[in-house]
Amino acid sequence: AVGCAPGKAPGGKGGLSSGLVTDTGGINDESFNQTAWAGMEKAKKELGADIRYLESKRDEDYVPNLTKFAREGRSITWGIGFKFDKAIPQVANQFPNQKFGIVDHNLDGKIPKNVVAITFKEHEGSFLMGVIAGLTTKTNKVGFIGGISSPLIKKFEAGYRAGVKAVNPKATVQVAYAESFSDAAKGRSLAANMFDGGVDVIYHAAGATGKGLFDEVKTRPKGKFWVIGVDMDQSRLAPDHTLSSMVKRVDVAVFNEIQNIKENKFDGGKEVQLGLKENGVGIAPTTSKHVPKQVLDKVEEFKQKIIKGEIQVPTQ
Amino acid sequence: MNVVEMRGITKRFPGIVANDRIDLTVKQGEIHALLGENGAGKSTLMNILFGLYQPDEGEILIKGKPVRITGPTVANELGIGMVHQHFMLVEPFTVTDNIILGAEPTKGGRVQRRLAEQKVKELSDRYGLRVDPRAKIRDISVGMQQRVEILKTLYRGADILIFDEPTAVLAPQEIDELIEIMRHLVREGKTIIFITHKLKEIMRICDTVTVIRRGKVIRSLPVKETNEKELAALMVGREVSFDIDKEPARTKDPVLEIENLTVEDARGIEAVRGLDLTVHAGEIVGIAGVDGNGQTELIEAITGLRKVRSGSIKLNGRNITNERPRRITESGVGHIPEDRHKRGLVLDFNMGENMVLQTYYQSPFSKGITLQYPEVYQYAQRLIEEFDVRTPDVYTPARALSGGNQQKAIIAREVNRDPDLLIAAQPTRGLDVGAIEFIHRKLVEQRDKGKAVLLISLELDEVLKLSDRIAVIYEGKIVGWVDPKTVTEEQLGLLMAGSTAETGVSD
Amino acid sequence: MSKINRQSSFWVSLISVVLGLLVGAVAMTAAGYSPLLAYGALFQSALFQPYDLGETIRTISPLILTGLAVALAFRTGLFNIGVEGQFIMGQLAAVIVGLKMQLPPVIHALVAMIAGGLAGALWAFLPGLLKAKRGVHEVITTIMLNFIALYLSNVLVRTWLTNGADSTDRIADTASLQWSTLSALFGGARIHLGILFALLMAFFMYYLLWRTKWGFELRAVGFNPYASEYAGMRVDRNIIFSMMISGFFAGLAGAGELLGTQGYLAIQGGFTGIGFDGIAVALLGGNTPVGVVLSAVLFGVLTYGGNNMQYAAQVPFEVIRIVFAAIILFVAANVSGWLLGWFRSRKKGRVESHA
Amino acid sequence: MLNTLTSILQTTILYSTPLILAAMGGLYSERSGVVNIALEGLMTIGAFTAAVTTIFTGNPWLGLLAAMVAGILFALPHAVASITFKADQVVSGVAINFLAFGLSVYLVKHLYNGAAQTPVVKETLSRMPIPGLSDIPVIGSALFNAFPTTYLAFVIVAASYFILYYTPFGMRLRAVGEHPKAAETAGVSVIRMRYVAVMISGALAGLGGAGLSIAIGSEFNQATVAGQGFIALAALIFGKWHPLGAFFAALFFGFAVALALIGQLFGWTQYVPSEVLNMLPYVLTILALAGFVGRAEAPAAIGKPYEKDSR
């Protein structure tokens, strides 16, 4: 069945409008939902778009939330996070005249014409984190803490491993999954045990579980124990102990697509992959605070190699 | 001097006036009996005196002074102590802890148990109340629990003691002991208010008796000027016959045959040890014994509620040892359980449902998988009328009935199933004489219809009156058989206490 | 358990609901939001459009079932706090049948539903068994099994059902509970036949407990296991049986959600909370089938409509949870009964003083 | 090897501390006869209050205090409903859970611009080594280089044991939970004892929650407590309503979590998926219950509202 006629399109300059549906993390999750919203706000400021968001309490809420924006006739409706992989195509098919965007999933290549799928090459960014970790470690033991063992998180792990290996073949990578994105205590325990076992740099891709990592490292001597953040620049969680963060520019991606719509350049049915080359992933600006110049140079060198395709970063 | 004067006490509960302008005067140093049917309002009146309930009207004077007893603490301060009908003891606590609860001696915030135990010991020596200060309540006999209750009041310095049906749960020896204790207490200057359904006890030790019926005082008179017959009539409002017209038993084939039975109690200790027992059709066999000598385990073993270690139980010649309760019930066993609230009824079920508790799955109450409620209620209605169970209707939950009526309902259910063997455990505990009379008649009726009846009771009177033969149980064994027509209470008492039989009839 | 099964009258419940909404209004006003705007948005969005109505009914369906699951356990003297885990197991079984079996349309869905119910029943079997045979408190075992179900479902999704993906493929269309005619009627909402199962189970619970001989046993055991044993009933068997029926309901709820609403199973970071909501639904519904259905409707309306409150009035959704809490408290403490009594006595007093 | 032992011990303690505190809270309430399924909600409100207070004042000790006060305040409706209004205790506990969860997240969103979590708490409680003791090999750094909340938990367990079994207050509390009418006739106010017990339970559960947000962790979000209140309840029942029993049950659970975590670091995930490892604590608990713990004797009067005018 085709959805009922779109309601009155919301205002905004030139009728430009965008809706964002968060996953269960909520709008201010200090992660991709928040970054995505930052992109929306930029679109409001610079493009005059009318922007709204809806938070999802449960996975079942994705469809009605997306539908709500679609019925309002928003220029584009976003589903933020890989968990939208089933909801977006479903709603997009119900509303063939509306446009949609999904972040962090390529819908396995079966992307409807009215959908743009944005994915990030987290492995590339993670590779650079591996480079930093591999060059920083004194003990030749580095760690990785994952949230839930899922393909997306494994991508972080794989890139990181490759990065470490590329600069420090002697170093070993200790890996643990908390099987939760919200258990800070578990994150902290894992971190403490890794540190006690001789690890001196830990990278995480574990959401709020990862915050336990910062809690733990803060209590340890400065300059000896390091952590690397993810998604946003997390340096402020432990300014004296954070080497770097692997940032994902969801904001840029979201903004760009809204701009495309405004300029009638929307190109649906395709996956937009954002890697180092597209500035979709990268290293946090605060990295220079603790990471010495020669390491940064090395990072830059690898970055260029990846961009040029000289290095293929594995994804699993 | 009047230590207690209650004037015009009225207490209403929803739908009932439990105490209707009651006057009660108790003199210093006397044992004052309160007598009345079940539900007459005795406990209510005493709960008011002890501060648990507040009267709606009326006043109370203690030692001549008007008082307002707003709670047990106030009652304690006024020197009033109460031994309740249902014991107020904390099971997992020790004797000492129960006695000192609420008035603990402390030092530096810590309970002084050593000191308390010493005090308990002193008190118990002084009044002849034997207890083990360190034993847990759940491990001691009912008699000792009652002594703990008395000690509790004495420890708080009570000199007006209320005993609410203290003898209902005691064996004969224990009753004798209690009576001694009460006399001792009076000699020490205490005053006692004594509630009982047993007229004999009133005649034995009381000075004054006040009879209550339906919440009103009928009469208060010195015990010397009355007799059992008159008291019974006053209480019930009609003549009560104490004797049962019993024809000689016409004994037929054995119905229940138990050989060499061994059963463990809940703690895994052997409670029944190699017991033999036979009950024939057409007779009532009474089991006499002090509480805790394996009676409960014996019944539970026969009815399938407890596993048998060894030995055999046969019903009409068929082995039913360790069969499930349902099979045993179906093969013809009826059981009036000793704890009616725990085993006998589902208090939240209505009377109709309770009346088919064992037979709900049989025709006509069930058809296929469905219950046939109209049939259930019809049947229940019939039983309720036949057995004169006082309940508004069959849809009333069992919880709402008085103890006597609950018991009548159970008896109606069990008797009506027409079992070959009827086990009656404490069938009249806590009931008034009217109800007792009714139940006794029903048991004899069963016998006369050619059924086998096994009666287990702590009430010696009852056992003597109803039984055709009496088996004495001691430490899990039948230690002797006696003929109720010839045996004396003294002889029976001795046997129950474990002294080897010199008299008695053999099996 | 007698008190917990007390049935409160319709008026008492209604007054509690109104009072609960008032509490929510106070919470909103205190934080500077407009309760009128918020509640307006709530009810408007839950009920007025066919699409939303359909989605509201979809929200209600699993709540009825998890509510029934908790209620049935309570009725028989058990506290099944493990509905959440049984729900997950129901989802898991349904997705397995939906993906791995090939069957004709209606039959496929039916088989998947039944598989879900049975998986829930099986997951409840263990706590029932441990309670019956070893006296282990069902509250602990069911709490533990909730977590085990969560991890089990995740590992199976990642390893066996997919090649290391975050979520499974969609189930075969033959297994879907969605019915296009029905969806079309409700503007394309995901309303599905789960609601029929839910209502059917409500009737089933009523019939089982109050019309059959097994129900007689289950209730007797719930009220008084000792008397039931005395009456020849198998107490242990009944405990297991009732846990399993409870789990069956919970499993159906999970299967219905999967086959009707989601169509696939994803790796979960935590519980959905539908099982815990079931506790509240059951308690508010006085543990009767009709009560459960009505309170599920209330919960469903508030839950689905609550999403719109934030959108339309910027009020955080969580205020709805405060409203739930207040309603439950008011019903439990019989505040409205107390108020009614007070009101009547005042009215009576006034009449008398006039006379 | 010794290092591993230390790690396991340390993780055990870290993970069980909040459970111990909440279980002790549950102990008071349930021993007085009031079921406390609200532990989860009380921990939530404690965690929330502690985080917000510490952010505002910069003093985590004030945070702890505020968490206890908030716990008491939130236990009150449970007390009023289930003691005074004689509501079913499970129902009222469930309501408290809803209330605590709803209100805390509602307030977080209100206070912090729609965020699902508080900002990071800067002044958290950190590990406090006890001079001398913390140098003991193996156990030293695990037991005596712990968070203040851990020491508090240990002290509270010991104190609870003493209070329950050696003071008049404890005797009365237990009596009220076993046979309230008996206590009443002995001059103990059942109502007052139960109120006090439920409030203590709020304070301790609040403290347990605070540990999660300002000691082990450094923020409050809706997943901060994530079922630990229920696990504390399970530990209480597992420990048969005894302070030491509940203590060891909570430790046991923490130990199982530690095993699962450390197992990963030893690379056990090569053989079993990490989800399976993370199931370990729950599986072990069930095995322990089924294997050798068995039947638990609840306080006799638990769950029954006390009605003065009844028998």
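All chains are identified by letter, namely A, B, C and D, in their written order; residue positions are counted from 1 within each chain.
Just so we're on the same page, a contact is a pair of C-beta atoms (placed from the backbone, for glycine too) under 8 Å apart; a residue touches a chain by one contact, two chains touch by 3 or more.
This is a predicted model, so every value here is computed, not measured.
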Set of chains adjacent to subunit B and to subunit D: C
Would you indicate which pair of chains has the most C-beta pairs in contact? C-D
Most remote chain, CA-based centroid, reference being subunit D: B
When the centre of a chain is set as the mean of its C-alpha atoms, what distance in Å lies between subunit A and subunit D? 35
Could you grab the centroid distance between subunit B and subunit C? Build each centroid from C-alpha atoms only and quote it in angstrom. 46
Please compute the C-alpha centroid of subunit C, do the same for subunit D, then give the distance between them in whole Å. 27
Two or more other chains are touched by the subunit A residues 149, 179-180, 182
Multi-chain contact sites of subunit C, meaning residues that touch two or more partners: 151, 154, 158, 270
Residues of subunit D that contact two or more other chains, please. 114, 223, 226, 273, 275, 278
Answer with line, ring, star, complete or other to describe the graph linking chains that touch. other
Which pairs of chains touch, using the document's own definition: A-C, A-D, B-C, B-D, C-D
So in the complex, the part of subunit D that touches subunit A is made up of which residues? 3, 6-7, 10-11, 14-15, 112-117, 120, 124, 126-127, 212, 216-219, 221, 223-224, 226, 257-258, 261-262, 264-265, 269, 273-275, 278
Where on subunit C is subunit D touching in the complex? 3-4, 6, 27, 31, 79, 81, 126, 130, 134-137, 139-141, 143-148, 151-152, 154-155, 158-159, 270-271, 276, 279-280, 283, 316, 318-322, 324-326, 328-329, 331-335, 338
What residues on subunit A touch subunit D, complex-wise? 25-30, 149, 174-180, 182-186, 188-190, 192-194, 196-197, 208, 211-212, 214-215, 219, 236-237
Over in the complex, which subunit D residues touch subunit B? Could you list them? 166-168, 171-172, 174-175, 178-179, 181-188, 300, 308-309, 311
Which residues of subunit C touch subunit A once you look at their complex with the stated criterion? 51-52, 55, 58-59, 151, 154, 158, 164-167, 170, 180, 183-184, 187-190, 257, 261-264, 266-267, 269-270, 272-274, 303-304, 307-308, 310-311, 317
